[in-house]
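Labels run A, B, C and D following the written order; every chain starts at residue 1.
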Amino acid sequence: MARVAGAPPRPAERLEGFSDAVFAIAITLLALDVRVVGFRPGHLGAAVGHLWPQLLAYAATFLIVGQVWASHHGMFRWIDRADHVLLLLDVGMLGCIALQPFPTSLVATALSRGTARDVALAVSLYSGLLFVGGVFYNGVWRYAARRGLLVDGLDPGRVRWQARRYGIGVLVYLVAAAVAFVSVPVAIGLDLALAVGYLIPSPNLRPRD
Amino acid sequence: MARVAGAPPRPAERLEGFSDAVFAIAITLLALDVRVVGFRPGHLGAAVGHLWPQLLAYAATFLIVGQVWASHHGMFRWIDRADHVLLLLDVGMLGCIALQPFPTSLVATALSRGTARDVALAVSLYSGLLFVGGVFYNGVWRYAARRGLLVDGLDPGRVRWQARRYGIGVLVYLVAAAVAFVSVPVAIGLDLALAVGYLIPSPNLRPRD
Amino acid sequence: MARVAGAPPRPAERLEGFSDAVFAIAITLLALDVRVVGFRPGHLGAAVGHLWPQLLAYAATFLIVGQVWASHHGMFRWIDRADHVLLLLDVGMLGCIALQPFPTSLVATALSRGTARDVALAVSLYSGLLFVGGVFYNGVWRYAARRGLLVDGLDPGRVRWQARRYGIGVLVYLVAAAVAFVSVPVAIGLDLALAVGYLIPSPNLRPRD
Amino acid sequence: MARVAGAPPRPAERLEGFSDAVFAIAITLLALDVRVVGFRPGHLGAAVGHLWPQLLAYAATFLIVGQVWASHHGMFRWIDRADHVLLLLDVGMLGCIALQPFPTSLVATALSRGTARDVALAVSLYSGLLFVGGVFYNGVWRYAARRGLLVDGLDPGRVRWQARRYGIGVLVYLVAAAVAFVSVPVAIGLDLALAVGYLIPSPNLRPRD
């Protein structure tokens, strides 16, 4: 694997720390949308009750982003070094994660005050942004594999298998973005199923000795 | 302790860093609620004075969340590795911590503009969210203990004792959530007593040689 | 130095990381107050010009909080371990830092729309919160020194000298809080002088061999 | 290189962590500006469509700040230690980064509701703040080089070359700030070209053995 004269790849730890910080902030800023802006005295309960779309959107997105973080965490166990392109692919992915509160808020707003068409559009944008983030996510893994930035001694077959696994994930988001216009529950179900599906741990990429 | 083929547990450091970031952000975002939105020239003092519920809620929640962080910090001294389920239990707990500014703001708003019933409901939701977070918190410890993710050589009796100690804490929050409808000061007192009670350091879980 | 049976003091690194995160978030949230809320088309320049109090307050507070962070950074080079009380003293200090955007915004608002009395009060509260944070800050150092949590081999005379140095700093904030009612520029000057004065590096506490 | 009696330079890791946190928060807070504040039921799509200036400004600034972070990351690979002045130069740079959401929001607002003159002013302020931050950035590198805070064994010629490279970058921002009043697209193009130009990796500063 030839690398042109330039900066040597550097340990990926600082990239991990930076990514973790963006994940942590994006996930925490989600909560800013859950708030009562006004209520009639004696009717705080009703005002809180009207927040169910915000609470639902918060819980779902916290689960999904938390899962992406955990998955990213798992992926970076196998990435040893980072060069400038890898940094920027990761930054692109983080840019999508940091923007996720926006469609999350759209979904909650559409559920509160919009029509069925508004909800469908919001859920489609929500899944669509997860898809774009997933494209960068896949790019990180494929680029690292191709440029020899993974830890030494991984089984090449399993590295490719993992690339396919990530690729399927990103396609599910794309399907959800399209399906939203047909059935919102199915689209949300696909997004959440992916989060739950990833609970099944990744395979160990290091070959048994 | 059998573990099915899958990702090997990994050092828990990155999970700690991520958790710390969420704690730090949630605790800092609390301060966004303490703000003067308008005042008559020459009467800034009065406007600040009316913020006492916000300041009180800020101080109490900062103390409570700070204590949970310190306690989490202590717990993770004994957790060596993290698998995917542990990550998600921790993420669930963080989801509650990140949402705590919401009931904090409810309490402050209810104290400012609500009836006694509004205050009771707000304090109950406040304690209730601490309870839900506590359930995840207990889950982290019990799961880690059962799956052999603790550091080696701990005294099993003390590990169980610690589990009971965490369990009592979470029950106090549940009691506070119920008691709020009878007496708000007692409920708040319970929440704060727990924070102060935890000042008494955890026992050393490592047996003396 | 007797320590009752309990958790052993632990390396202070995680406390440093947590503190850094709170500093970083508080300092970054300051910028949220610098914003144009409305302007007449063609007059954006005038709208930005009216933000001078916000920009000034931002720059001053960024400098002051940045200096406190750098000073905290320096202090923790000499603190080796942290017990629960030290954690909570540090959390108390962080609670003040995280709240500093509040009086910062008060000062900017008072300069924009308030009377001279409003400005004096805002500057006094601004300095007063720095004072309260400073009390906790001093507490961290004195407690660590008394409980033997410092790194080994420090010169006891210099440790006490450092305590006096921190003590003088906190008194300057208290004086500034009082002086604000007499002269706002002098009070602000004192707060800033402290930030600049601390540019003079702390002495090396480790005795020359 | 004589150093006056004072604090010994300390490893630069904690400064990196702090800087990363500020970068991560500033970059994530950018997203708060992308939000639909109101819409007519059934017309969510149109409301999202009107957000194109916010989305564009978000994407461009995320790329630029992400690039500055990656570049800062690269620079600190060669900085071994940090003294108090270096800390404060870095804090000054971070103060500009943390404020970048302000001109970003100005650009988006001017594109939405302003005149051509408003847009030119906003883009000029946007580039101007990048310039000021770049001055501090250059200061970090030049100060570290002059005070012997770099890692040992770097090629002095290449260290100077790198200083010139950083110096050219900061001049491009200054040119963009002036050019904005003549041509907004050229100014934005210069800002973005710099981000893309930096994709070309920095040279390896360590001489080949």
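One rule holds in what follows: a residue touches a chain if its C-beta (ideal position, glycine included) is under 8 Å from a C-beta of that chain, and two chains touch if they have at least 3 such contacts.
Predicted model only: the values in this text are computed from it and were never measured.
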Review point. Going by the contact rule set out at the top, which chains touch both chain C and chain D?
Key: none
Exercise for review: In steps of 5 degrees, what rotation angle do you get fitting chain A onto chain D on the CA atoms?
Suggested key: 90
Practice item. Mind checking the centre-to-centre distance between chain B and chain C? Centres are C-alpha means, answer in whole Å. Key: 25
Practice item. Can you check how far apart chain A and chain C are, centre to centre, with Cα atoms defining each centre and the answer in Å? Key: 36
Review point. In chain B, which residues are in touch with two or more of the other chains?
Key: 17, 21, 25, 29, 32
Review point. Classify the inter-chain contact topology: is it line, ring, star, complete, or other?
Key: ring
Study note, to complete from the structure: Chain pairs satisfying touch are A-B, A-D, B-C, C-D
Exercise for review: State the interface residues of chain B toward chain C in the complex, per the touch definition above.
Suggested key: 16-17, 20-21, 23-25, 27-32, 34-36, 39, 41-45, 48, 58-59, 62-63, 66-67, 69-70, 73-74, 77, 199-204
Point to revise | Contact footprint of chain D on chain A as seen in their complex | key: 5-8, 10, 14-15, 17-18, 21-22, 25-26, 29, 32, 83-85, 87-88, 91-92, 94-95, 98-99, 101-102, 105-106, 109-110, 113-115, 117-118, 121-122, 125
